[in-house]
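Pasting a structure below so you can have a look.
Labels for the chains are A, B, C and D, by order of writing; each one numbers its residues from 1.
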Amino acid sequence: MMPYFVDTLRSLFITMRNVLRKPTTVHFPMERRVRAERYRASFALLHDQSGEELCIGCKACERICPSEVITVDAEKRESSVTGKKRSYAKAFTLDQNACIYCELCVQVCPTDAIVMTRTAQEPAFHRQTLCLNMERLYDNERTQPLTWANASRLIEMQAPPAKEPAKAQDNADADQTGQAR
Amino acid sequence: MSVAGLAMAVDVIELLTQRFSANSEPDGPPLVAPEHHLELARTLRDEFGYRIFGFVIASHHPATTKDGEKVDRVRVVYGLRTVGSHTRLASWQLEVDVGTSVPSLVGLFAGADWQEREQYDLVGIRFEGHPDLRRLMLPEDWKGHPLRKDYAIDTEVAPWR
Amino acid sequence: MEVEVASSAVSASREISANQRPVTNRSPAKTRRGDPYLDIAAYDPEADLMVLNLGPQHPSTHGVFRLKLYLDGELIVKAVPFCGYLHRGVEKLCEKLTYVQLVPIFDKNDYVSPMMNEQSLVMAFESLLGVEVPRRARYLRTLLAELQRIASHLLWFGAFAMDLGGALGGGSTLFMYCFRERELILDVFEELTGCRFHYNTHMIGGNRHDVPAGWAAKVHSAIDIIEHRLIEYENYLTTNRIYLDRTCGVGVVDADLAMELGITGPILRAAGIDHDLRRDAPYHAYDELEVRVTTDIAGDCEARTRVRLAEIRESVRLVRLMIDGIPEGPLGSRKPIKTNLAEKSERGHAYAAVESPRGELGIYVIGGGANRGASPYRLKIRSPSLHALSCLPYVLPGHVVSDAVAILGSVDPIMGEVDR
Amino acid sequence: MSPYLRALIYSLVIITLLLTVTAWSIWFERKFSGRMQSRVGPTFYGPFGLLQPVVDGLKLLQKEFLIPESADRALFVLAPPLTVILALGTAAVVPFGSEVVAADLDVGVLYILALGSLTTVPVWIAGWASNNKYSLLGGMRAVAQGISYEIPLALAALVPVILAGSMSLTDIVNYQIQHGWFVFWPPGPGFLAFLFFLPASLAEANRIPFDIPEAESELIAGVTTEYTGMGFGLLYLAEYLHTLIVSAVASALFFGGWDGPLLPGLHWMVAKTLVLFAGIFAIRWSLVRFRSDQLMGICWRYLVPIGLGLVMVSAIWVQLAKASAQ
């Protein structure tokens, strides 16, 4: 009989010690924890410094996406900045309802156009809200903090061993054929 | 004898090829005739110390022979493991037609029960002597066996109950 | 503050464990095997037994798992497990997706230790494709695996306490403590990979994410806190008389039954078999480390807890050994992923197994599938949880419903991995 | 003032007091358990989440009271109010001050024990009427546990009764005011009787570690599985009321009731009750639960024999005290 009382007191001692500790949870909607620099939550499409859309509509992300949530429609038109004719994404949708946040689309982007953002999408009442179209992806570039990772940084980090000279720049140039051995 | 990452012990290879006249396969573990199957597993367990039940993998190989004849074969790979330091795996495979069945290992390894049920469920290979051959993963009234190559990945399925 | 206490506290914890060994009989026990094929119609012609469906919607089935229990009063006569409620057809999906795309998918299998799933998959692919892994990546993988093992065992410990003590009671208190400590590891993972759970940090031939600056110090402080708090857990739960009453002699899985069923990992070690793939078939960088394997002889719920807590300590020790000495060098031996058809294999079989927190997690892959060889032809996951769960029809008969919940908790089933 | 009017007023005061204290005690428990678990607890409604009980109540009121198709409708509806009525009924004889008592019965302790054992009945009714196997198992466990733990509870309560020589709670408290609290004096039986009263009353009130009738992890929620809305709310309320009254009775039996310096008696009584109440909460959030057979084993192997011994020791003490006084 005695061990029950002693062990109860010992358990009580531990819980009481934790009463005095600072709570580890924060009250979520009002307070938010600081996310790591690489934290990946939502997506954004980027412009370059001159205001040109970076996405060239090459569909590399559409092809690699394991859960097939990205659809890209490409078109050729004249750039509003440089006036040169090049390919653009006409429509770009990313359905976050099924996205698994694997970062592969960021990894394969030849122009560093798609990156991830550090704030998660708010819970939504409609599935459509979680479906990001091109407009909202470009909005995210302005409104959301971006993660550290983009394609060229990832490739630099995963640089292959020295026997093959690192060709980060070459890789970045729309290496559509892949590196089949 | 070529399962990458699965180096079999020399004495087991000897046993397989000499006592059980296994055929060395270019792909995958040695091919054993179904009638040697149970005896092989018993020998490995009792004489060689392969006491931990490893895995059962059935794979469907439909093919067309040179004569234009369609063959529907299923290959079943079994694996057993030794205990303790320098643990080794022994594995062998059987090849049968889809309609025929493979002798079940349940009598030797109770763990084969669920594994063989799973392979029956997904690949549709029957195991002879299995006491309780029901579907394990899919509902009882499921039509077809999903891991067959003729089962398209986008097959329409009615919502379950 | 916490960090300074840790080193002195370690020795104190060992003493507590040694002094507080339970007084019950700790001799190697035999499972009183129930008959999984018992014919209920013949056993109970009057239909007096009560059939209780434990699950699939039940708070302590760790997901969606159904146990059909034939009860005589509260005593279990026969237990029929049903799984597959979480079956997602990953093995079929493998026929469609390519080697590159499959890595993030496998995070979702065993959602408590995703790192191990990625590693086993990537290892199987590497042996199929004949890819070397640089030393730095092997070290990093070992480190991540050990951190993941700590996190996984912590989650299991909390959930097990909750099975014993209820969601509104002492069990949930320990659950919260374990989650608090596990959070430290997830923070470390977030720092490295950017995700707290579904990392996608491995690629064929190496790792995708390199160690950021100041990471080692964060890992140090995290594992120091965890090691210190483990003592609290021991004082709180595992030396508590009520806990010992609930777990000692309950759910004995003896060595013969475990091996016959293919159960590996902590359950096998708790039954007295000294078997650990990290030491016995070293992969990654484990051949350069000395892994101390803990075993127990009783094979009951208490022994399994003891083994798992010892494994947390061992992992903490290994992480401490490794964290400051990650070798320099390239992170991967292949070019970074640029397309989904990057890796191709025309033929061949490969098998790779890692010691996941639940046992031998093996991937058997047959090459030469769709997408001109960029997909596997057939991929099979040897899931340790499925093997572990198959002990239930043998172990449960003769126990009461409360014990059924405790036993189910102590085999640590992750339904995502069981059903795949 | 007519005695009937007085009883009516006092009972209204005590019921209001009890319900209010119970409501805020739920807030207190949630906040306290939150801090025990490194959480923050309720913070949304009111300062420090103080309006949480009100919101909880409103939520339960809004919810539909579902009656399962195969349930025994009359019994199913009857059970929750009955539990609350029985729990409140127990409070009638608890003295909250030298004058604040609804009915000062001569057999107060007996009355409490009798009503306490009656609370098993509505729990069993709820378990049976739900027509759910989990509820049925919970009800069965509740009955087995209730019947077993009556005995150590009665034995533990008998010690102060013997020492004070009266079954009236007011008399027991008055005796303690003169001779010292029973937990301290006489050394031994009083304190041990309190140590036995506590687990036995926890078992009566179905609190962890004795909450096997509604074990969430095994029986989902036992007898309350099928109850929704205010039906569940009432069962929940009755459990808290029971715990509160048990702590009030314990403070009257062992801690000298309203005895204390400076402040009025009612304050002391409420303070003592709340401290015991908080202690029961702390125990609840610190322990895992027993298995049903172990629960019975503890009752019949330890509590009952030692309780009998305590009763004998206190009887001998009373005789010795009488002999030495002569």
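As a working rule, a contact is a pair of C-beta atoms (placed from the backbone, for glycine too) under 8 Å apart; a residue touches a chain by one contact, two chains touch by 3 or more.
Computed from a predicted model, the values in this text were never measured in an experiment.
**Student:** When the contacting C-beta pairs are counted for A-C and for C-D, which pair yields the higher total?
**Tutor:** Between C-D and A-C, contacts are more numerous in A-C.
**Student:** Just curious, how far off is chain C from chain A if you go by their C-alpha centres, in Å?
**Tutor:** 28
**Student:** Using CA atom averages as chain centres, what separation in Å is found between chain C and chain D?
**Tutor:** Whole-Å distance between the two chain centres: 42.
**Student:** Averaging only over C-alpha atoms, locate the centres of chain B and chain D and give their separation in whole Å.
**Tutor:** 62
**Student:** What's the distance between the Cα centroids of chain A and chain D, rounded to whole Å?
**Tutor:** Inter-chain centre distance comes to 55 Å.
**Student:** Could you tell me which residues belong to chain D and also touch two or more other chains?
**Tutor:** As it turns out, chain D has residues touching two or more other chains at 36-39, 285-287.
**Student:** Any chance you could list the residues of chain B touching two or more other chains?
**Tutor:** none
**Student:** Multi-chain contacts only, two chains or more: what residues does chain A have there?
**Tutor:** 4, 8, 11, 14-15, 18, 24
**Student:** Throw together a list of every chain pair that touches.
**Tutor:** Every pair of chains meeting the touch criterion: A-C, A-D, B-C, C-D.
**Student:** Which bits of chain A are touching chain C when the two form their complex?
**Tutor:** Where chain A meets chain C, its residues are 3-4, 6-8, 10-11, 13-15, 17-18, 24, 35-40, 60, 63-66, 100-104, 107-108, 116, 147, 149, 154-155, 157-162, 164, 171, 175-181.
**Student:** Name, in rising order, each residue of chain B that touches chain C in their complex.
**Tutor:** 2-6, 26-29, 51-55, 57, 59-60, 77, 79, 81, 83-89, 91, 109-111, 113-115, 118, 122, 131-132, 135-139, 146-147, 151, 153
**Student:** Can you list the chain D residues touching chain A in their complex?
**Tutor:** 32, 34-40, 43, 195, 282-283, 285-287, 298, 302, 306
**Student:** Under the definition above, what is the set of chain C residues touching chain B in their complex?
**Tutor:** Residue list for chain C touching chain B: 36-37, 83-84, 87, 89, 91-93, 95-96, 123-124, 127-128, 130, 257, 259-264, 268, 273-275, 277, 279-281, 347-352, 360, 362, 364, 366, 377-378, 380, 382, 386-387, 389-390, 394, 419-420.
**Student:** Give every residue of chain D touching chain C within the complex, in rising order.
**Tutor:** Residues 33, 36-39, 133-134, 137, 208-209, 211-212, 215-220, 284-294 of chain D touch chain C in their complex.
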